[in-house]
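Two complexes come next, and they have one chain in common, chain A, joined by chain B in the first and chain C in the second.
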Partner chain A sequence: MLALRTRGLGKTFKVKRKEPGLRGSVRSLLRPEWEEKPAVRGIDLTVGQGETVAFLGPNGAGKSTTIKMLTGILHPSFGEAEVLGLSPWKQRSELAYRIGTVFGQKSQLWYHLPPVDTFELIGRVYELKREDYARRSRELIERFELGPYLRTPVRKLSLGERMRCEIAAVFLHRPSLLFLDEPTIGLDVVVKQRIRELIRESNRSEGTTVVLTSHDPTDVEELCSRVVVIHHGGLLLDEPVERMKRDVLNRKTIRLTTASELRESELPLPEGTNAVRKEGRTFTIEVDLGRTAVEDVLGGWIGRVRIEDITVEDPPLEETIKHIYGRRGEKEEGA
Partner chain B sequence: MSTEDKTFAGADASRDAGKRSPFAKGIGVVRFLLTTWKVNLAAAMEYRLSFLLLAGMMFVNNLIWLFFWSLFFGRFPVVHGWELGDVMMLWAVGAGGFGWANVLFGNFHRVAQIVSSGQLDVYLSQPKPVLLNALASRMSVTAAGDFLFGVVIYAWAGEHTLAGLGKFAMGLAISGLLFMGVMLIAGCCAFFLGNSEGIAQQAFNSFVSLTTYPADIFRGMARIALFSIVPAGFISYLPIGLLRNLEPGFVLGAAGMAAGTCLAGAWLFRAGLRRYASGNAVSMRG
Partner chain C sequence: MSGGGRLLPRLAAGRRKAAAVARITIRQQLAYRADFALRCSFLLLILFVFVQLWTAAYEGDREAVIGGFTIKQIVWYLVFTEALTMAGSPLAAKVEEEVKNGDIAVRLLRPMSYVGYHYSSYLAEAAVRFVLHLAVGSLIAWPSVGAPDFGFGWLGLFSLSFGAITVAFLLNAAIALCAFWVEETSGLQFVLQKLQFTIGGMLLPVDLMPEWLQRVCAWLPFQASLYLPAKAAVHPDGSSLLASAAIQAAWIAALGALVAYQYRRGARKLHVNGG
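Up next, the complex of A and B:
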């Protein structure tokens, strides 16, 4: 069963071109110049029911524009899309009953009111029966552990608490397809993890199809079964997360600051690691996860190196995308 | 999950959602509106003192304008057939109409800003009529003072009969709808011209100003404009054409213009949605 299908779906925006400075502004006022800026360049995509798909890509890649077309918020410039058998922009209202949307930067909670008031309004928006609303909201409050701040005005909640309420609210009408646009943006590591767990749990217990956008590879690794990399408005990669983890997300960067001055040769580095930089007492070490695990690297230092600070990071997304381009080039040359 | 199967999950349910009768849809919209207004009121009540001060200040502000008019009519008791009582009723229907429209549909003069800053996303992602949802999502606190002012002035200087009350209610309805229709049309420019907040603000200020002067002081082209391009005359002539003399031609024209501008605004909004470009500004509701 399909959840959504697109064929050559694309969107271009008409953007005014302006030279910098006051002279540019005056010239633009007298003789405005416009250019067509492609945001999404004809995407073909099929998502099955119950799948968890991540749209991964840097800022401006076209992820959010694609989601907005699939939810009927934006009309496409060309191409087709069917979501749950409906045309998003022609049957927007019917579709809205069946899907849920969370925009990390656009809250549907009322700023001055406690979340419980917005929940009631959302119950009315989706025309839930009284008993059904009461049962469902109770269930979500329990699952998302919202009890302590359900009656606190949203303006007084932390960003993490607010996002939890946002995501709980979107589950009220039991959507069969959920679009999450940057649901973990701006959140700290612990809250991000909790949000991911809650989305994963809802996907498992209710079979909700999840399509999310992110520029955080950890969202993809921990939440999704399939990854779609979008870059410059086009589809760069569409494959299972497991394969992407193996082929692309197979590196971590460790930043280690030692308590005392240490030469590079004194730092134990197992197979599969490479010290790429040393600045003062801080080493930057790249780990090839295909050859060694991060915990083995860290284990090798315990008791031998006096550690002041340590961080483990994913390589920047731009680097991952460069890697994908490189891999594609190799494949094409091979063919 | 295989994507080879070409049938869509939940397609039946989607079709069912679209098949609801217009009556059931209408009931759903009314319930939704009532809850939205309740939530709006609750949000306004979060700051009770501010609510009372703002509403009270607007009441006093309107009263000061009437005081100036009373000084004027003290020197010139009749101006083009208008007396102080007519001007009082002009302010009653003008402020009262603006008040109810702004209390119940407080975003009607902010459409340009909402469109330009990409704040329609939340309304577009919900299954209720987008325009109604967007308009009703805000309640203007100061406008409660305007509405109260209108009612108090009617109680002071209006015609206290059932017919008088009916005419006043009709005046309020026409005035409120005209304010909404005109501002909606001005606000929808944002879909077609880009950032047109300035134009909409200018249209708003001009329209409000023109509704506060007796229609009969304008002559020639100005009068024609007042009953066509900037239809403020359909509000500012209400004290004579509806409340005092009940001129059927004028009343029909005013009601038609009120309904027409609202329908034209709604049509423009619908057409504009095709061009809506969203945005990435951070936004909150309420």
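Up next, the complex of A and C:
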């Protein structure tokens, strides 16, 4: 059974073009010039029920626009979509009963009231029976550990606490399809981890289909079984996360600051590493995880290099995307 | 969730949702105590000025009648129109803000009509403020011109106030929904507010206006939101109450159709901002 299917789904925005300065403002007022800006360029996608799919892409790639079209709040410029057997923008209200959506940058909670008041409203709006609402909210409060701040006004909650309430709230009406748009944005590492665990648990215990957008590859690795990379409004890659981890997310970046001046040739670099930059005493080193492990690289430095600071990061998403383009080019040449 | 045969259960569900929105709006309103206090003191100030002004116009004569109104009727008339005017929330500013920062997405994702949501919220807020403003307004009017012993006039006021708030909501909604097309609605909102103040009968009963202006006002919706309920309160009259209710119903139907059309067109081209 399919959770959603799109065919050539796309959106073009009409944007007013304005020259800088006062003269530009006046000209734009008298003779406005419009420019067509494609946000999503015809996406073909199929998601089965119970799948966990990630939309990965840099800012402005078209991830949120796609989610907005699939939830029915944005009318597409062309193409078709079917979500749980319904046309999202034509049957928005009917679809609303069966899907849940969290926008990481927007809140559904009433700012001056405690979360329990919003829960109560949601229970009514989704027409939950009273006893069912009571049972369901108790269950979610327990699972999401909301007890301590359920009666605190939302404005006094931390971002992490608020996000937990936001996600718990979206599960109240038992959606069979969940859209999460950047659910971990702005959260610290520990809270991010907890939110991911909660989403994963809910996917397992309730069989909810999850479509998530993120520009954090760790969200994708830990939550999803399939990844769809969106870039410049189009599908760049659609494959199992395992394969992406092996082929694309197989790099880490180490930033090393030494305590004393060191030449590049003096830094021991094993096979599979590559010093990409040196600024002052800081080296940026790329590690190919397929050929060597981060701990082996670090182990080689201990006792030989005086380390002042060290960080290990995922490469920026733009680099990963460049890598995917490169890999595609190689494939096409080989074919 | 759809289908003609399930109309009654759907209406009942809609009513329950509206009641839930009304309840949470009132709870949220109670958090804005400073705003309440400010509005009430401003109301006291305005009414104090009006009482001074009209006492001078009537030369302190309680029996004198100007344009069919005694000073007592005119002062209480102003209490009612002010209480109604200041009961409304800034709908256009709210919708404009929702469109600009993209929060409209959260509302549109609910299985509830967007306009219906705002109507429930507007009505709840207006009902609470209206009653509060009546109480505060009485503090000035009662000692200055005497008790509001209008008998059936109260029935007229309360029965027409519901329609009045609905007409005011629809007028504001027609402007608020322009935010789906244009960036700024505050200019239109300014014009609407001034029309309500003048030809809506907030500052002066329509009866005291020149004949030709009265004829123009009769064909406009503004009097339905202020003049009709306040006039019904101070000049109770069964047949004109029915006529007033019919005028309100006609305007609610016409403006309701306009707002529904605007929403349908607007939702199709709405650009929901923000990531």
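FYI, the second predicted complex is superposed on the first by the 305 of 335 C-alpha atoms of A that agree within 3 Å, B and C clash if a C-alpha of one lies under 4 Å from a C-alpha of the other, contacts with A are read in each partner's own complex, and residues count from 1 in each chain.
Here is the rule we use: a residue touches a chain if its C-beta (ideal position, glycine included) is under 8 Å from a C-beta of that chain, and two chains touch if they have at least 3 such contacts.
Not measured: the values here are computed from a predicted model.
Within the superposed three-chain model, A:Leu113 lies in touch with chain B and with chain C [touch as defined at top].
Of the two partner chains placed around the shared chain by superposition, chain B and chain C are both touched by A:Leu121.
With both structures placed on the common chain, the touch criterion links A:Phe103 to chain B and to chain C. In the superposition on chain A, contact of A:Glu182 is made with chain C only, not with chain B. Legend: residue contacts after superposition of the two complexes on their common chain; A:Lys252 is shown touching neither chain B nor chain C. Contacts of A:Gln49 after superposition: chain B is touched, whereas chain C is not reached. Contacts of A:Glu82 after superposition: chain B is touched, whereas chain C is not reached. Of the two partners, chain B and chain C, it is B that touches more residues of chain A. In the superposition on chain A, no contact is made by A:Arg136 with either chain B or chain C.
Common to the chain B-facing and chain C-facing surfaces of chain A are residues 13, 64, 68, 71-75, 92-94, 96-97, 101, 103, 105-108, 110, 112-113, 117-118, 120-121, 124-127, 153. Residues 1-3, 5, 13, 16, 46-51, 64-65, 68, 71-75, 82, 84-86, 91-98, 101, 103, 105-113, 117-118, 120-121, 124-127, 153-154, 176-177, 209 of chain A are the ones touching chain B in the complex. Those residues of chain B whose C-beta lies close enough to touch chain A in the complex are 1-3, 5-11, 13-15, 17-18, 28, 31-32, 35-36, 39, 42-43, 46-47, 119-122, 124-129, 194, 273-278, 280-286. Taken together, the chain A residues at the contact with chain C in this complex read 13, 59, 63-64, 68, 71-75, 92-94, 96-97, 99, 101, 103, 105-108, 110, 112-113, 117-118, 120-121, 124-127, 153, 181-182. By the touch criterion given at the top, residues 1-2, 13, 16-17, 19-21, 23-24, 27-28, 31-32, 102-106, 108-113, 267-272, 274-275 of chain C touch chain A in their complex.
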